[in-house]
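Order of writing sets the chain letters: A, B, C, D, E and F. Residues in each chain are counted from 1.
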Amino acid sequence: MTANTETPPRAGLVVSAHSADFVWRSGGAIATHVRQGYRMKVVCLSFGERGESAKLWRKGEMTEEKVKAARREEAQKAADILGAEIEFFDLGDYPMRVSDEALFRLVDVYRDVQPAFVLSHSVKDPYNFDHPLAMHVAQEARVIAQAEGHNPGQKVVGAPPVYAFEPHQTEQCEWIPNTFLDITDVWDLKRQAIECMAGQEHLWAYYTRVAQQRGVQAKRNIGITAARNIEYAEGYMRLTPSVVGDLS
Amino acid sequence: MTANTETPPRAGLVVSAHSADFVWRSGGAIATHVRQGYRMKVVCLSFGERGESAKLWRKGEMTEEKVKAARREEAQKAADILGAEIEFFDLGDYPMRVSDEALFRLVDVYRDVQPAFVLSHSVKDPYNFDHPLAMHVAQEARVIAQAEGHNPGQKVVGAPPVYAFEPHQTEQCEWIPNTFLDITDVWDLKRQAIECMAGQEHLWAYYTRVAQQRGVQAKRNIGITAARNIEYAEGYMRLTPSVVGDLS
Amino acid sequence: MTANTETPPRAGLVVSAHSADFVWRSGGAIATHVRQGYRMKVVCLSFGERGESAKLWRKGEMTEEKVKAARREEAQKAADILGAEIEFFDLGDYPMRVSDEALFRLVDVYRDVQPAFVLSHSVKDPYNFDHPLAMHVAQEARVIAQAEGHNPGQKVVGAPPVYAFEPHQTEQCEWIPNTFLDITDVWDLKRQAIECMAGQEHLWAYYTRVAQQRGVQAKRNIGITAARNIEYAEGYMRLTPSVVGDLS
Amino acid sequence: MTANTETPPRAGLVVSAHSADFVWRSGGAIATHVRQGYRMKVVCLSFGERGESAKLWRKGEMTEEKVKAARREEAQKAADILGAEIEFFDLGDYPMRVSDEALFRLVDVYRDVQPAFVLSHSVKDPYNFDHPLAMHVAQEARVIAQAEGHNPGQKVVGAPPVYAFEPHQTEQCEWIPNTFLDITDVWDLKRQAIECMAGQEHLWAYYTRVAQQRGVQAKRNIGITAARNIEYAEGYMRLTPSVVGDLS
Amino acid sequence: MTANTETPPRAGLVVSAHSADFVWRSGGAIATHVRQGYRMKVVCLSFGERGESAKLWRKGEMTEEKVKAARREEAQKAADILGAEIEFFDLGDYPMRVSDEALFRLVDVYRDVQPAFVLSHSVKDPYNFDHPLAMHVAQEARVIAQAEGHNPGQKVVGAPPVYAFEPHQTEQCEWIPNTFLDITDVWDLKRQAIECMAGQEHLWAYYTRVAQQRGVQAKRNIGITAARNIEYAEGYMRLTPSVVGDLS
Amino acid sequence: MTANTETPPRAGLVVSAHSADFVWRSGGAIATHVRQGYRMKVVCLSFGERGESAKLWRKGEMTEEKVKAARREEAQKAADILGAEIEFFDLGDYPMRVSDEALFRLVDVYRDVQPAFVLSHSVKDPYNFDHPLAMHVAQEARVIAQAEGHNPGQKVVGAPPVYAFEPHQTEQCEWIPNTFLDITDVWDLKRQAIECMAGQEHLWAYYTRVAQQRGVQAKRNIGITAARNIEYAEGYMRLTPSVVGDLS
């Protein structure tokens, strides 16, 4: 646990490349922290309208605007279920391009939210170049939001830890989960949010199994003999060191 | 924080290759946890009599037994100051060799102590082959202590996190501190323990500066603007994932 | 595909640290190659009697001999289902120790089997030190089996590719699957073999989900639009380069 | 071998940063696959007119246009010898800059060619920043070409494996050959293509020796005792997992 | 030592992201080489006016122009003390953006200075994105400056070794010092230059301790028993191979 | 260059796993340093009689003693040509096993030779387990030779840099040449020494090409425009940091 215990209404920030990523990869974290009283804010940099909406495109009579509208609706619904605020930057995908204007907009979000932690994609992903770009932007915005000379007078942010949530093929992405979050208590909410993603139904079972596997592993990492049971978990790769008062 | 919150009198285990390592590298952690009510147990695999006692050897009229006695006395004194129990395995150094008998003795310590966390050396150290061997043995003993079939009937251990404490030349050892422990409040004790090491006076200032640098870095990682001040810290490389209930 | 296409009755060798590993991790590969006419040989270095038989030990009235007998029976049954020969070296586990005598026995197996490929554990596994040791021994025996001067006159082995099969927590083991084997057609057999492992029932569902996840990933790596479907797969990390005649 | 065996006239795509790279690094692969009936398409992102034409510049009376014309002629001649189609993007070099327009042009090539495999540069090259950029663009275009929402209605591409061909100083580039292609049968063609590169005669012998060394290594990786001889080979680093039906 | 011993008035180039970096990280190298007769040239890409001038901003009544003027003055004073030429590119910071125009300006500096070695930041720094960008630009400009076709007729540069100087949190930046420079004799100058940085007084002690720690380590790497004493040193990560005539 | 300039008759130590390794991999370094007045000492841990003498074994009527005698003769002849002392430990190969007795014998060599640098094998080699073992032993003996408490009264060694010479398949061994030694002037001697290895004639051309490739690379790393020519070179991976007084 870090030392930022003084900030009254704590908050968390999720930077999602496409409009469904925050659900598969951090839906449990969002719901967990909302339960604990956190304000959770999701920024979707794009709707994933070109690269992650295959099923919608195959419907015929489709336009980019229609796909985006459908994706926005799904994401909004999922965010509502999880209890998160959501904001869409609509930057386009495949390829995503992030202007300095968009970067500064994200800096504004940081300064407004004052997050106690930040979640985004893995630093590498050979299957998806939008994902590491989203993480890069999340980190770059964080650093700018810390700078006294950026919009002087605004309240700068502290040093919120940054976590990479789970990519689709972890080992190809050099992603190693050094942190497991027990999401057993909020699994039902996450599953409901997952089911909002009508256009990617083939992933529902996949990410349910991901949660089960991570549950087994989390349990193993507290010890099989521990009293606490863990059925569902999310894995995270913490990128920044933690500062603790106790090593157990 | 892990979930092992149920064990009444918590404990920590330190596996030190030579008799002074636990002081330079984890003296602050030991004192901190003793203050919090932990039982802290140090195992010194050797006295470092051949490879880390240059100053003593240069005194003349020296024998290995005399060196070992001097080193034992220093280490005992330091442990007393820090509040730790200490046990000497006297396995020899440069090179250290660990028999299965010694390994099983360490397993016995694990089962007796039931540690909530374990500290030992970096996994790699091209300047010192005893150090990574100590860590290897610490990890191997931990796994055996978890096995139901080893001395059936004894209470097996859970899954205590394993941390590598700071080696002398960190970057050459592929050691990356992902965890900082604030030791400001116990710094005086650590410094007193350090000063017990009469034979290695040249390292006193070195490890004082290490603590100061890590203090600055820990402070940076909670945010310069955070209320809490950190003057002295110890860095650790946690090798096993943590299981948490909150990501901030 | 390698160039060793000339060897008439082809064979594969699996070096398993404990008596159930070959099932969870390579049961599909064994069954697949048996179907293709391969002779498949499994060497179990130990029964996993101390470290991987928790459920058996908790039965009460247990001895190491009884546990070993139960584990042998399970493993033999699984091998029969998969169509593999199995040989038990009974070297002990937690910790496993491999004498040169045992190493040379494995060299003899290599020379007898003349494998076209070799499967064993990941090179690193911080949760289990017997696993990487098994892989080390598998590789060392392979190199000795290639040496003209070892038992001169015997037929030396060629250069069979070496694969690491999937460990329990892949990312902690630096294990990256660069090869997927489609096991959809033999899944039923693998599942039957899995169900022989009465003592580790908690892993049945876990490794079923592993096979499903790897199936989804394998499908993605041939292209979602490919005609062929893949429901179950095994992942392997090939350690040695392949020599091919076609890059597609 | 992957499963895309259904595509009738198979094809391969080579993305070359400068106009000679495809010859030194993949001339053997091009000729080999042409012989097997593949359509081979080479895209040269630049002519290498500024950074890889030193000999031409030293002739005197040189202009960039003259250098480019000379380089184009050499490359066209080499492509003819190897049997490849070649297309020049003329994006400039040292530094190369790739606009989104150029990226989409490459996506069009992917959709037209429907490659069964893709060859480009190493992911890292501290001696040449155009090289990793070419690979990045090759990978980014591949992913866009897979996206249903990019130019909806066009035939999307499958998941062709991506290989990094051999850079000049392999170890400095973190390039590891996990795949060797036997090019003994087409070596004469490759050497002829190499000799088209009049401006870089100092590299002829260098890349001939590269092919010989890789030949020796390929031979070693199928086993010294194997019947097949390999005199010349090319090394490749496959970046994407393979999906196979046989592990030998 | 490399072979470029023929160039008469030798020179070194330092590419500093912000206006104080060259002091903390390479002040000793600058002063050492100036003493040896080198021309030392420092390029400050920005003043660090937004991200590294917190103390100045807190003074009140501050504008970006005022901060930049103060930072320029400090840097100029430090350069004077060390004996270096300094040039300010004023590209802005947090985030720094480097246009091709700025890149070519740096190429011009390379061709003018003809450096025998180049110093810049670590290749990775998760705490500061301007730093790795500066190194990237330093390397890209070096390669362009080597290209005969860039501004034909100018004298191209050779192959000066590139070193990454020490970042703030070395282990988080994958920075490993493979080269230590003894700066004991010029320490006083470096400390004077450090004290010019009025706006970052909190770093004076930090980088003094860095120099002391590196001094101890350098001493250890020549052997404790060596006659030569080293009290202060700077660590560097050499990125390019050295070409030597003697291995001791 | 390191600071150990005070030791009068300088020396170098080569630890070779098998009796021919020192020739292929460091013959040029040996001859170069002998010319410069160094005492060069080679320790061959084994003759490579089982694993690296295939051609001899195929002669028929062969025994291990005959093979060893032939290998010893070849190695002695090569050492004579290069000007090195040679000592055979005769520890056996495939697999090599190094007892503590053999380790301490190597420590004695260190203390006798007082090397200014040490050459041995790559730290990793999946094709040959004797090679990394030799390097491990070379490093372990070096550290023991530094220990005041080992045979107190003897002169301890300083901190000679350790280099890994070139393995057969560099990239598979994670071996990166950070140091090139120009061996153009002694190439004829190295080639003569190579030709002593009658039993491995297939490697003569291979290692001649290695020297040529490294020559081209060394030349590139001092700059194509440098006056000095380099036709043959050896690559080394320096494992320990260098301490220098000049960065060019």
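What we mean here is this: contacts are C-beta pairs under 8 Å (C-beta built on N, C-alpha and C of every residue); 3 or more make two chains touch, one makes a residue touch a chain.
Just so it is clear, the structure is predicted and the values come from calculations on it, not from any experiment.
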Min route length, chain touch network, chain A to chain E, equals 1
Touching both chain A and chain C we find B, D
Could you check if the interface between copies chain A and chain D is built from the same residues on both sides, meaning over half shared, or from different ones?
-> different
Which chain has its C-alpha centre farthest away from the C-alpha centre of chain D?
-> B
Per mean C-alpha coordinates, the chain lying farthest from chain E is C
So how far apart, in whole Å, are chain B and chain D when each is placed at the average of its C-alpha atoms?
-> 52
Cα centroid separation, chain B vs chain F, in Å, comes to 37
In chain C, residues with contacts to at least two other chains = 54, 127, 146, 172, 177, 217, 220, 224, 240-241
All touching chain pairs, where touch follows the definition stated at the start = A-B, A-C, A-D, A-E, B-C, B-E, B-F, C-D, C-F, D-E, D-F, E-F
In the complex, the residues of chain E that touch chain D are 100, 103, 139-140, 143-144, 146-150, 152, 239-241
Using the touch rule from the top, collect the residues of chain B that touch chain E in their complex.
-> 54, 127, 168-172, 175-177, 205-206, 209-210, 212-213, 216-217, 220, 224
Over in the complex, which chain C residues touch chain D? Could you list them?
-> 1-4, 6, 10, 12, 29, 32-33, 36, 116-117, 119, 146, 156-161, 163, 177-182, 217-218, 220-228, 230, 233, 235-236, 238, 240-248
Residue set of chain C touching chain B in the complex reads 49-51, 53-54, 57-58, 62, 64, 67, 94-95, 97, 126-129, 172
